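In what follows, chain A forms one complex with chain B and a second complex with chain C.
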Partner chain A sequence: MFRGPKKNVTNTNEQQNKKEPDKVPIPPSQTEFLSKLKETIHSPADLVVKYISETVTITFLDFLIDGKTLNEQILPTLEKVINTSPKVIKESLLIAEVDLVAELNQGILEMLIGAVLIHVEGHSELVIAKISSYQSRGLSAPENESQVIGSQVGFNENIATNISLIRRYITNPNLCNEKFTVGKDTRTSLSVLYIDGIAAEEHVNTVRQRISDLDILDLLDSAVLSELIDDNSISMFPQFLLTERPDRFCDGLLSGKVGIVVNGSSMAILCPYSFIEFFQSREDQNLRWPIATFIRLLRFSAILISIFFTPIYVAALTFHYEVIPQPLLVPLSESRAIVPFPPIVEALVLELIIELLREAGARLPTKVGQTIGIVGGIVLGTAAVQAGITSNILIIIIALCALSSFTTPNYLMGNVIRILRFPVIILAGFWGFLGIMLAFCFIMIHLLRQSSLGAPYMAPIYPPRWKDWSDSFVRLPLPLIRRQSVNSRETHTIQNTNDSFAKEEKVIE
Partner chain B sequence: MKSALQISNDQKISSSLFFFVVTAAQIGVGIHGFQRVVVKNAGNDAWISVILASLFAHIVVFIMIRTLALYPSNDLYGIHLDIFGKYFGGILNFTYVLYCTFAFYSVIRNYIEVINTWVFPNLSQSFIAAALLILVIYAFTGGLRVLVGVCFFSFMTGLWILIILFMPLEYAHYNHILPILGNDLKSIFKGAYSMTFTIVGFEIINTLYPFAKEKKKVQKYVHLALLFTLFIYLSVILVSLVYFSEAQIERTLWATLTLFTVIKLPFIERVEIIIICFWMIIILPNLCLFSWAAYRGVKRFKSINETTFIWIFSIFIFFANIPIQTRTEIDQMNNFFAKIAFYIVFIYPFLLYIMASLKSVLRKGGSKE
Partner chain C sequence: MKKIKVLIVLLLSCLFIIGCANQRILERIGLVTLVGYDVAEENKVTATSVIRQINPELQSKVEVQSETESTSKGTRVKVDMKTSKKLAAGQMRVLLFGEDLAKKGIEEAIHTTMMNNEISTSIYLAVVKGSSKSLLEYPYKDVTDVGQHIYNLIDHNIKQQHTVSSTLHEVVRDNYSEVRNFALPILHKKGEFIEIDGVAFFSHGKMVGSLPAGDNFYILMMQDNFKESTLELVLDGESIDASKFQEKQLQIAVDSVKTKRSIKVVDPELNEFDLNIDFKCRLLEINSLVPINDPKLVEKMEKAVNQKIENEVSRILEYSQEINSDIYGFGEQYRAHVRGGKLTDQKWREKFREMKVNINVDVEIIRNGVFE
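Right, the complex of A and B next:
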């Protein structure tokens, strides 16, 4: 809705033809070919040119290709075939991906991804042997979304590894993978993954449409992509999930969501995602249901505590003393007695300190980060109380709020919950409980207005889909939970199973 | 029928949501203090008046839906234009728009009064009005889907107040209810009549009906909603009757709020302050729905953008807040509104039903020839 006029399509090969209409033919002469090649890519230091024989030349970019394959497969074969056409070379090479191109720019593009170009004197065709190798870190445990029970593997920055991880989880011929290239300067490749027959066709189409409508220069991370293609980029709330857990990603695919994996980013995108799902963890499925339900309820009350507890303190102490029962009022006023600031200033300063601590902890190296916790938590906290700048009780409340905000299983949503507190505190400081209610209503309306890929953001709460409530605030035993939940349901599967679902399904979209 | 509405499928709302819409539309500011007027008329039989009023509302709803069902897809405004023609129908539409605006205004004015009396004596009226109107504008520009969502959440988040409502029963004197039917029938009916201001709100189906997905099911949900609100009103009046004495109720402006003052929870005192602030979410659906109903009517005169309409409407309401200041004036306004509402909501639907069915009989006759 906030997207500008639709821009031109940026899809792999078509787009190239559009952007570079002057197709450069490949010069048959060897010297001319090499000079043209060097001119186009500005003869970088890592360009390797090797003359195999008088007629055959190979060029590639060092470090981008797999040297072992080059030495063991390509070089011996090329030495055997002399004075032949590119076609023969292509057929005699024992490599999975070999191609012929008749156009220089396309060949160069392939070389930049990691291919060996084989030029034969007198032919205006190139053989492309794709033997790219990719340096990436090994698989490691997900650091931001840790989980006690469940798999301990996270995505890494290599799209191939990530997709192979996903395919290991879901062995299904219906798992579709569509490739896109985005960004004029970076040509970042990304894959749209979904399970045909489970994911709703309209959602897949919307994702396709939005990605191909992108007209951007560079794309370095999936978080940027998710902000570019979500429904309302102005809103504070994330509408797509970013996850580094393959099991959470696959769980999403299996419940009918569309996933996007971006090369170079260890976070994959899942959409459409509803508000309530951001507070659910994969681990909830792995625990016994009463425990999982308890933990979920704990998490949802943590949101409310985190957003509204400090504001309630501020409002009660500024305007509504009469709300506090007398036994509580005495210790409260005792601890407040020496504090020179009004509650709103006191609360804002302390909240700001907590935010500073968190930010410092996130930016510092892990070893130093622990010290920050001790310095901030113990030294600052006790010192502030003893110096009479804040009250004891507020320290408890602020700590409680901070703690609650960290229970959100999603980092992006956790941030929102934390930052949301500040305007509410200010409103509470000016207009008491009325201000808090204003904020509450405003947040409620805002959430109701949002959508994710056109599907309602507050589902299944509103529009009420009662059958999905078994896996929302609570998690009932697994047999009671319908697999395909919330916003992603293919219509025809529903018609097959149960007609009444279809009626209830799109209550209001 | 040129006046018929074209509503695409994705604009429609599920019939089950009518339950929440009607409940949210009915419960508003009236419930704060309806005990006084009802008890003044019906004495300790006020609860019978409440049941009577609700019964009458059921009948009216039945007639309203019968009228609306005569047309395949049309709201009250379209029916007016169809039956009475462009000019007289237009006048009737205008009256209904005025009624909706008046309802909106009376809700917002009463709420501001309560806030000023109970929570913030010094908070400027204009500020509260502006804050509420901004919320309404924000919800309204989101479209009908968001408005109905507000109703739904208002219902769901407001349920906890029901539990608190029964706490004063600790101090109840149940013999206050006796003798049953000690008052004559006329005063009980008069009591039922004075329920008008509190019970209206369900007339929203006049405009919302064409937006229902399965029109046949609407009736069931609206009646269910009326039963639910009857339950709430009945609980409130019974708790008030057994807690207060008759004379006390007649002297208490906001008996429901006074009821809440006696509740002491271990961690909160003076629950009524929290409840009054919380009431914002309960009146928000009222405001949204009445402004929406007015918008549907204005659209019949002049095709106008939603955003433009709600801004003009809000600015009008904002300035209309200034002249009425004292409690007496507000009380007079409420009585006047109740009188109008009684005719528009309770009497007029019967007349309209007769006209509409005559018209449909004539039309059928005409087409046969």
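Right, the complex of A and C next:
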């Protein structure tokens, strides 16, 4: 069921594990080397073998290497040096990354990443020239986390590009980059990034340990990794942030978080992340503080509206008709009068329709997706009311709930908020306000029990960390904000003190 | 594993409790918005209910049903027989009592209403001159929903402090207190209209007297503080003594009235109380011949208003002493301030009748209108 590390590793498994990095010496003979090489990698169609001279052979995998470098640098050099040892070849090649390898499997691994293997007859060493070229998408604007103000660049699928993007934002020798390879079948490379001195040592250690403990076959996306290494894989709440924005990622690193970039995935992971932080957007920093505060408060009220508005409607109409205000009584009951179902069925049907529309819109191409929205919104909505399946007041409520759930800046968290509504509606339909209270308590208990890398999930609220409140529900003016949250270590003195409020006037004479 | 088993058992048992919840879906119940009680023969009560019926085909309508039975629950069952939907009293806003029933005592009715957990404690109680049945069953020309109409009528008048506040909560509080009584507004059908006609004084659950609507202001002033109110006064023309103005009566109107009332026990032995009323107002209407820019005249006028209010207050106080209905809270003050008083119901009845109250009214006209 879970792809996580298996607890009971049998002895045979362990032996197999040990057997894998089998050291195979490189045969000095050319033919023997080639046959052994082809046997190991099952002589694929894209394997290119080229005999430079009688003694020197080069092999590489097509499309993985940079052809220009091969033609302009390697081939002419090899023409010049005939009948020499690999050491001489290594020294004469004018390429940044050249290595000598005495073991076949390691050489093959390098070739699979994009290296040229140079074999010299009579020597049991290989020259490896790393000239890999990577076909990747160009940098484009982040589509899922778009912003009005702020940088318009997103990560792409190449780890090298992503790290270079990050290094462009943070020019700091303390920015540490630790490389890991995960997955027996895919050998996906990933980098753990953090800023030494800002990130807490224990967080970095935990990430290191969790990644190296991973015993999985494949890893294709960072979302999978984040689910595998977070604190509670069964919970529906994400505990690590997935972001495609380099500025948000760097903002996280600078406030003491640990980042993970996975090759082949355009989403980077940030951890530890608290519940409140999922509802903050990078853009909040770019707006003036009263506006940012207003928008944040709007978002937090949207969570409550999104989860509890429909259930309150269901509960009030099913059990608690006493609480309906008198002016609403007649319009509410008249709109409900022709509906043949109890409120819970009515609400669930409509919520399901909204979910279907959203799912259909997400799966279809963008242009068709918009049409689906219009068709669903107008045709289904109006027709359902006229046919007497739902009341029009419920349509308004459902639309409001759906709208509020889309204000969450994080896609994963937005999904949670939307799906969370269903059990609450069902409980409200069964037990009224009691059921809503039950659901609320259940959610609160669950959230309070969660942790992210061992740090409390509901951080500034519980345990109460008053100093962090300046940048949680509200965003105070920048000089008042503590840059690093309490969760992270604090070796830097905080430069932003209250003094920076007053800007000195420098008189230049 | 054990944990999961416990969880499953819990969830399953929850699933079975679902059936126990008693559903009351809004459009499938008849909403009783108003109930009126009257005396019927042989110790029975006639209950008249105003029911809002939701009808999918037609406009929703208001039904008035009336039944006679010895308990109010009994009448409910009987009315249920006549309506297409189950009746629910949770949206009840007003409870009316016929005058005859009020005189017989409404303590029991209040008690049962209070005990019904469906009914909110913020509903209004009122007495109807005549019978509540005839008030409710009359087909008013301009009123579509008589229940809502009466609720709005009482609601805005109480909020504007035009009549005594009579929510169930306040009435029950006063009723259960041994040394305090309550008052209810009186409704009266006048032609095509329903109006608030006065204040009914109760003593121990029985209506013992009433004063006309004109006295509402003074009664409220003695009961509570005014935040914002309007008063019309008729002063003696001679007391003003203005040279140009020669008429016998001077009519003035003041608004933005702010009063502060305080009751003090002066001497528990002599049964003496102080009733201080601090009265601040703005002069709004006055005869144009009166030169109001004269400060001396304003002072005179203040004195005249003072005298007028003191007279009215003492008249009303005398009346309530006569009928023995302490709706102002003298008894509560006495009990709160006199140590070891051991005030009982009977004791306070006697004391209230004989108590001496020094009425001090301090009128201040802050502004004399807004002129351009």
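Simple rule for what comes next: the second predicted complex is superposed on the first by the 468 of 509 C-alpha atoms of A that agree within 3 Å, B and C clash if a C-alpha of one lies under 4 Å from a C-alpha of the other, contacts with A are read in each partner's own complex, and residues count from 1 in each chain.
In this text, a contact is a pair of C-beta atoms (placed from the backbone, for glycine too) under 8 Å apart; a residue touches a chain by one contact, two chains touch by 3 or more.
Nothing here was measured: the structure is a model prediction, and the numbers come from that model.
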Q: Look at where chain B and chain C land on chain A after superposing the complexes, then choose clash or fit.
A: clash
Q. For chain A, which side has the bigger count of touched residues, chain B or chain C?
A. B
Q: Could you say whether A:86 touches chain B, chain C, both of them, or neither, answering first, second, both or neither?
A: neither
Q.
One more residue to check, A:445. First (chain B), second (chain C), both or neither?
A. first
Q) Looking at the overlay, what does A:256 touch: chain B (first), chain C (second), both, or neither? A) neither
Q: Would you sort A:436 into first (chain B), second (chain C), both or neither based on which partner it touches?
A: first
Q: Could you say whether A:142 touches chain B, chain C, both of them, or neither, answering first, second, both or neither?
A: neither
Q. With the two structures laid over each other on chain A, which partner does A:409 touch: chain B (first), chain C (second), both, or neither?
A. neither
(Q) I'd like to know which partner A:337 touches here: chain B for first, chain C for second, both or neither. (A) second
Q: Pick one for A:318: touches chain B only (first), chain C only (second), both, or neither.
A: second
Q.
Applying the document's definition of touch, where does A:238 land relative to chain B and chain C: first, second, both, or neither?
A. neither
**Q.** Overlap of chain C and chain B interfaces on chain A (superposed complexes)
**A.** 319, 322, 324, 326, 431-432
Q.
Under the stated contact criterion, what part of chain A meets chain C in this complex?
A. 316-319, 321-322, 324, 326, 329-330, 332-334, 336-339, 342-343, 430-432
Q) Mind pulling up the chain A residues that touch chain B in the complex? A) 319-320, 322-326, 328, 431-434, 436-438, 440-442, 444-446, 448-449, 456, 458, 461-464, 503-504, 506-509
(Q) Which stretch or stretches of chain C touch chain A in the complex? (A) 18, 21-27, 29, 31, 52, 54-56, 60, 88, 90-91, 93, 118, 120, 148, 151
(Q) Quick check on the complex: what are the chain B residues that touch chain A? (A) 10, 12-14, 16-17, 115, 119-120, 123, 128, 131, 135, 138-139, 142, 145-146, 148-150, 152-153, 156, 213-214, 264-270, 273-274, 277-278, 280-281, 284
